[in-house]
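In the two assemblies presented below, chain A is common to both, partnered first by chain B and then by chain C.
So, the complex of A and B:
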C-alpha cells in the first residue's frame, strides 16, 4: 500500500463533548450538537470565525432526518462555510477525524472542526441496520447491531468458563472506568464479586451475547478541532499531534465471521494494526502505546480484538484482562472513559475515542486520567460489517 | 435507444422500508408547537445581535451563534406570500389532493419565511406579496399542521394613515336651535341606557352557570336582557370550553346569533378579548365583525386576580394598552364605523384619552365607561366618580360598571348624576341581596328598579343610539 508523508503536521487544539445519556428531550438535534461545538470552541479559545471547514458525521437513517448537515447548520456553526457530510456507519466518528486530518495535512484548510453526533432515542438503529442489509442475502436474517459470533469464537477457543468470566471481567472494568467519567451514560457501580451472578442472570440477546455485555444506545455529540502545525502551536498550549491513521475494509456479510477453517478470513483489526505499525516502525505496540481508546461494541468483541490490535498470540489478550492490566493504573489501560459499552451515540462514538485519547495525552481527562504520563495513544473505530479505523496520537512532534 | 441486455431470469427483490422513530423537538421547538396548539399563536425568536426574527424558532442564531432561546416574539397570524409553487400530482404522502398551493410565507414581524399550504383561492389567483392569514386546525396533531393552512387575509392591517384633522364642531352657541330640540333633549335626559355585559373573559360557568359560552347561549341571554330593559349587550366571545377567543369565525357566529335573536339590540364588543391576546388579535376581530360599538381601553395597567380578603395574589397580569394602541384602535374603529366605548379605570386613563383626542379622530359625542373595582384599577368612591364625571369633555356621555360589590353602588351613583348603567355577569355574579343572579337579565331588572326610584326610564335601543351618536338603524 502506497502511503505518503503528510504535507503539514496536524494537531488537535479543541475538544467538546456533551453529557451522554439515554434521552435528551430538552434539545433537538442541532441544539444538542451546539453544546459540543460551543465546548470545543471554548476549549480551543477560538470562535467560529477561525474555523475554515466543518466535517459533519451522522448516520441519518438512525434518526430519520435527511440531509442532517443542512438542518444542523443552526447548531454546527457551518453557516456560509465549507461543510462536508460523512456517513460510514459505526466508524463515522473515526472517519471524520481522518478526513479532518487529511484536509489540514493536505493544506486545503488550516483549521477544521469535526462533529459527530447521534440521538439514538429518536430512531431505531437495529431497524435501520436490518433494513439496510443486502436485500437478497441478509435483510431477512439480520440481527441488527447484535451478534453473538465473538462469544462463540472465544468460548470455542478458551472454553465456556474462562471465556465468560473474562468477558464479564472486561465489562466490569469498563463500568469502573465509566464511574470516574462524569459524561458517561451508563455507570452502574458493578463489582468483580458480581461476575458469576451476572453470567447467570443477565438476559441473553443472541448466542452468548448478554444484555450486560452489550453497549448502550446513547444521545450525545462530540466536536474536535484540528489545526495545522503553526496555528496549532500558536492557539494551543498542548496540541495533540495526529501521527497517522489507517482505514481497512473487507468483504461483506456472510464471510465475515471466519468459521470455516478451510476458508479463514483475516480480521480488519489485525490488518489495520499490522500495516499501521509497520509503516511507523513500531515493533512492540503493547510497549509503545500508553493508552488505548478502543471502539468496544460489546465485551466479547473487545476481548478478542485486544489480540488483533496489539498483535498478541495465544491467550495473552485474556491474561491482560484477567490480570487487570487494562485498568486505569495497569500496564495498558483500555478506555479510561468507560468506552462504548458505557456511552454509544453512534456517529460520535469513534470521535469520542480520538477525543478521549487526546485528553489523556494532554493530562486533562480529570478523574479518569491515567496516573502515568501519556506520550503515545491509540484510538480505534469499528463498523458493523467489520471494517476498522486506527489512529495514532502523539504528545511530541518527534517521530 | 433501447436497452439491449438479457433480462431473462433476473430476480428482483421488492421491499418497503417503514421504520419507527421519535423526534425530540427540544424545549424551543416544543414551545413553538404547543403555543400554536393551545393558544393559536405563532411565535418566533429574535437575535438581538443581528436583529433578525427567526421562524421556526431556534436556540442559537446560526450567524452570530448567540443564545436566543428565551427571546420570544409573538408574530400574529398574518403574513405575506414571498414565493409559491403549485403541487399538480397526487401521491399518498402529500397532505392535500392536487392541485394545491405550497407557499413560502413571511409572517409580519419575521425575517425568515416558512412553507405552508395556501388554501381558499385558485392556483391562478395566488400572487407574490398577497396578505395571508393562518387558519388553525380544529383537531390538533401536535405538528406544524396545527396551523391547518393559510388563506387570503380578510383582515385589513390596522393602518395608521395620515388623515386630515376632523372638522371642528362649530361652537355650540352658533347652532341655530331647531324647533323642539330642547324639548327632545330634556325628554332624552330622563332616559338611562342599561347595558348587560353577558360574559366577560374570566367569569366561568362554575361561578355562575348562566354565563354563556356558545353563540346560542349568548343569543338567549341577550334576548332575556333586552326583554328586561337593556338597550345594549357587551360581548366577549367564548369557546365551547369557556376560554375567551379571538377567533374571527367564533366571534362572528356569536355576534350573528345575538343579532338574529334580537335585531334591535346594540351589540358592543370587547377589544380586550381576554388575557394575553396580541394587539392584532384584539383589533382585527372588531374590524372583521364591525359591531356598532366596541370597547377601547385607555391605559396599561395591572389587571390581576387577588383574594379581596387577604390580598393574596392568584394571577398577576399586565393589561397592555399603549398610547399607540389607543390611537390605532381608536382610528381603526372610527374608520370602520364602530363607535368606541372608552374604558376609563382611573383618572390617568381619562387623561390619556384627553391627550390622544387632540388628534381629532374621535367622533362626537364621546362615550365613556367608568370601570370600578378591577385589581389594578381603582375601587369605587363617590368623590372619585364625581371627579371623573366633571373631567370628561362637554357633551360626552358616561356609563359605569363595577366589579363584584362595587357593581350596584356604582351604577346607582351613575344613574343619580345623569349617566348610564352597565350590569351583567362579567362584572358580578350576584344580585344586591347576595344571592346568585339567575342571569345577567336579573341584574338588568335591578338596574331598571334603580332607574325607576330616581324617576328615570330605560332607553330603548334606538333611543340609546340617538344618545350615543350611533347610526340610525
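So, the complex of A and C:
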C-alpha cells in the first residue's frame, strides 16, 4: 500500500490514568480529567507550558454536555493552547491517539496531549448507544452495545459447549489480569473451576451473551503525551515510538441489505490487520508482536476477533485461549491490564489500550507487567458499527 | 514533504432555512458526487482516498456518533473516517496535519448540519454549559453574545446604526452568492426595529437557522496536479481555547483569536495581515462580531471597530463578500463556508463578488460561548 514515510518520528513520553470505577461522585468531569492530565505530566516530567496542543475526545450524548472541551478546559489545561476535539464513538480513544500522532508528525506541533474521558454514571450508556441507530430503520431494533450475534456465530461454528467454555476461559483470564491492575474497575477473583457454574448461573442479557461475558460501564480518564523525536529523546528515558496506525470503518446498511453467506462482508478487524501488516512488512503477526492490548467489550467478541487480528485460520484462535497462551507469561499475552471487560470508560477505553501497550514496552506496568521483554506492541480500538483502529508501538526506532 | 496542502476541489449545496425534503445523507451525497466528478479521485487503497475527515454534531443530529449515519455516503466503508467535532474549520487543520504527517496523500473532508430539525438552538447551546453553575442560570450562546455585544459596543463605539449597516451589507453581498441563503433585502430602519432577542441583540443581528452540507478534496503538494489544474493552498492553521467561566474571561479581549491568528500568520509567513491578505471571511454569528473579530485578526486597531465601519473598512479589506454567517450558514459549519468562499476568490471563480488579484485569504471559525474557541486558516492561490 502506498504509504509515505512519516514526516517526523513520534514518541509517547507521558501516560496518566485515573482509577476506573462505576461511580466517581467525588469529582466532576474536569476534576476527573485533571487527575489523568496531572499524572501524565508528572510521568513525562514536564509542565502544561510544554504542551502545544490538546486533543480531546468523548461522546457528548452520554453525559449530555455539548462540546465538552469548552467546560473541560479547566481540567485539560488547554487554556491559551491549540485544542482539537475529535470523536469517533467507541474508537475515539484510539482516534485521538492517531490524531495526536498525525499532528506531531506533521511538524505543526512538537508536543501534543490526547485526553479520553467518560463519566458513564452521569448518563445512560445503552440509551446513548441506541441513539446511534438510524431513527427510521434501526433504532427500534437496537440493543445498544448488548449484542448476542457474535455468541450465535461462534456457537454455530464450534458448537455450544466448546464456544461457551472458550468464552468463559477468556473471561476468567481477563479477570486474573485485572486482579493485578490496581486501576481496574472490576476484579472479581474468578477461578477456572467456575467456568461450568458461570455458564449455568450468569444471567442472560441477549441470546447467549451473559452478564459475566460483558464489560461494565465505568468512569475514568486517560491522558497520553506524544512528542517529536528530538524532544521525545530529550524528555523521556524510554520513549515508546508510534510506528503506524490504521482506521477501518464499516457501514451497517451494507451488511444488513448486502449480506450473503457465501460472500460475507469482511470484518474491519481483518481488513485493518491485513493492510497494516502488509505495509509494514509483518508476515507473522503472532510471532512479531509481544503483547496486544485489545478493545474487548465482551468475551465472545474478543474470542472471535483474535482470529482476525492475527490472521489465523480455523480454530487456531480458540486454541490460543484454551491453552492459556493469552495469559501473562503465555505466547501472546492479551490485555495484561484486564482489558475492557474489566474497565470501560468508553471514550477513554481505546486510549487506555495505547497507554497500557506503551507501559508494557517501557516495562512500567507494575504487577501486570509481562515477564518477557516487550519490543513490539499492538493496540486496538472498537466502536461504531464494528469499526476498528489499530496502532503499532515499538521500543526501538529501527523499522 | 512540503509545508503546503492543496485544496483540489470544493462542493456545497445551497444554504436553506429548512431542507425538509432531504435527509442529511441526501445533502452530503450531492457534494460527494460533485467532488468525485471534479477531481476523478478514486477510493483505491494505493492511490486514492484512504481516510475521510467529517464534521457533524451529535446533539444537533440527535444521534450518538453522528458520523455513523454518514460513513456510507462519504465513501468510508472499509476505510478510515475521523470526525472533527468542533467548528468545521478545525477539520481543515486536522486534514492538513494528516497529509503533512505523511500518513495520507489525499483526504476527503465533508460535513453537514440540519439546524432546522432541532427544536431550539438555544437548548443545544445551553447544554454546552456546565451542569452545576452556568446551565441552571439559563446561559446559552445567545445571551452570552448579548453580554459580549454590550461590552464591545461600549469599548469600540459600535452603535445600533453600525450594526444595522453590517446586516444590510451582509444581505446585499449575499445576493451575489449563488449558494447563499435566499433572504429578503432590507434597509437599516428594519434592522433597528426588529424584535430584541437578548438586549442589545436584535433578531436581524443574529444568524438565521440554516441547513447546509459541503465537501472538499485535500491533497499533498506532490500529487495535487493529479486532481486539479489550479489547486488552492493551505499554508497556515492554528486555533486557541480561552477560559470557560464567564467571570474568568475578559469578553472583549479577543484573547483566543489574537493567539490563533498570530500562530497561523507565523506558520504562513505573514508579517502584516493588512498588506499581505486580500480576502477576509469571518464567522459573524452576530453583527457586533464582525468588527470585533476584525480587531482580533489585526486588521482593525483595538477598540476602533466603530470608526472602521464608518470609514468603509469592511469593503476596503474585502470582509465577508460572501454575505458571511449573518446571511446564514449552520452554527458549526461557518468556518468551512468561509474557507470555501476563500477558495473561489483565490481561483478567480467568485463571479460577481470576485476581487482582482487575490493571492492570500483568511478564513475564520469560532464556537463556544462568546468565541471561547477560535480558529484561523490561511489560504493561498
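List of remarks:
To be clear about the criterion, the second predicted complex is superposed on the first by the 387 of 399 C-alpha atoms of A that agree within 3 Å, B and C clash if a C-alpha of one lies under 4 Å from a C-alpha of the other, contacts with A are read in each partner's own complex, and residues count from 1 in each chain.
The rule is simple: a residue touches a chain if its C-beta (ideal position, glycine included) is under 8 Å from a C-beta of that chain, and two chains touch if they have at least 3 such contacts.
Just so we're clear, the structure is a prediction, and the values are computed from it rather than from any experiment.
By the document's definition of touching, of the two partners only chain B reaches A:119; chain C does not.
Of the two partner chains placed by the overlay, only chain C lies in contact with A:268; chain B stays clear of it. In the superposition on chain A, A:95 makes contact with chain C only, not with chain B. Of the two partner chains placed by superposition, only chain C is touched by A:249; chain B is not.
Once the two complexes are overlaid on the shared chain, A:79 sits against chain B and chain C alike. Contact with both chain B and chain C is seen for A:128 once the two complexes are overlaid on the shared chain.
Touched residues of chain A, counted separately for chain B and chain C, are more numerous for C. In the superposition on chain A, A:5 makes contact with chain C only, while chain B stays out of contact range.
By the touch criterion defined above, A:28 lies against chain B and chain C together after alignment on the C-alpha atoms of chain A. Contact with neither chain B nor chain C is seen for A:146 once the two complexes are overlaid on the shared chain. In the superposition on chain A, chain A positions 28, 61, 64-65, 73-74, 79, 128, 131, 135 are in contact with chain B in one complex as well as with chain C in the other. Those residues of chain B whose C-beta lies close enough to touch chain A in the complex are 11, 13, 15, 17, 19-29, 58-60, 62-63, 65.
On the chain C side of its complex with chain A, the touching residues are 1, 3, 45-47, 50-51, 58-59, 62-65, 67-69, 71-72, 76-86, 90, 93-94, 96-103, 105, 124-125, 127-132, 220, 237-245, 255-256, 259, 263, 267, 367-369, 372-373.
Chain contact summary for the complex, chain A toward chain B: residues 23-32, 34, 38, 47-48, 61, 63-65, 73-75, 77, 79, 119, 121-124, 127-128, 131, 135-136, 139. Those residues of chain A whose C-beta lies close enough to touch chain C in the complex are 1-8, 28, 54, 59-62, 64-71, 73-74, 78-89, 95, 98-99, 101-108, 128-129, 131-132, 134-135, 245-254, 266, 268, 271, 275, 383-385.
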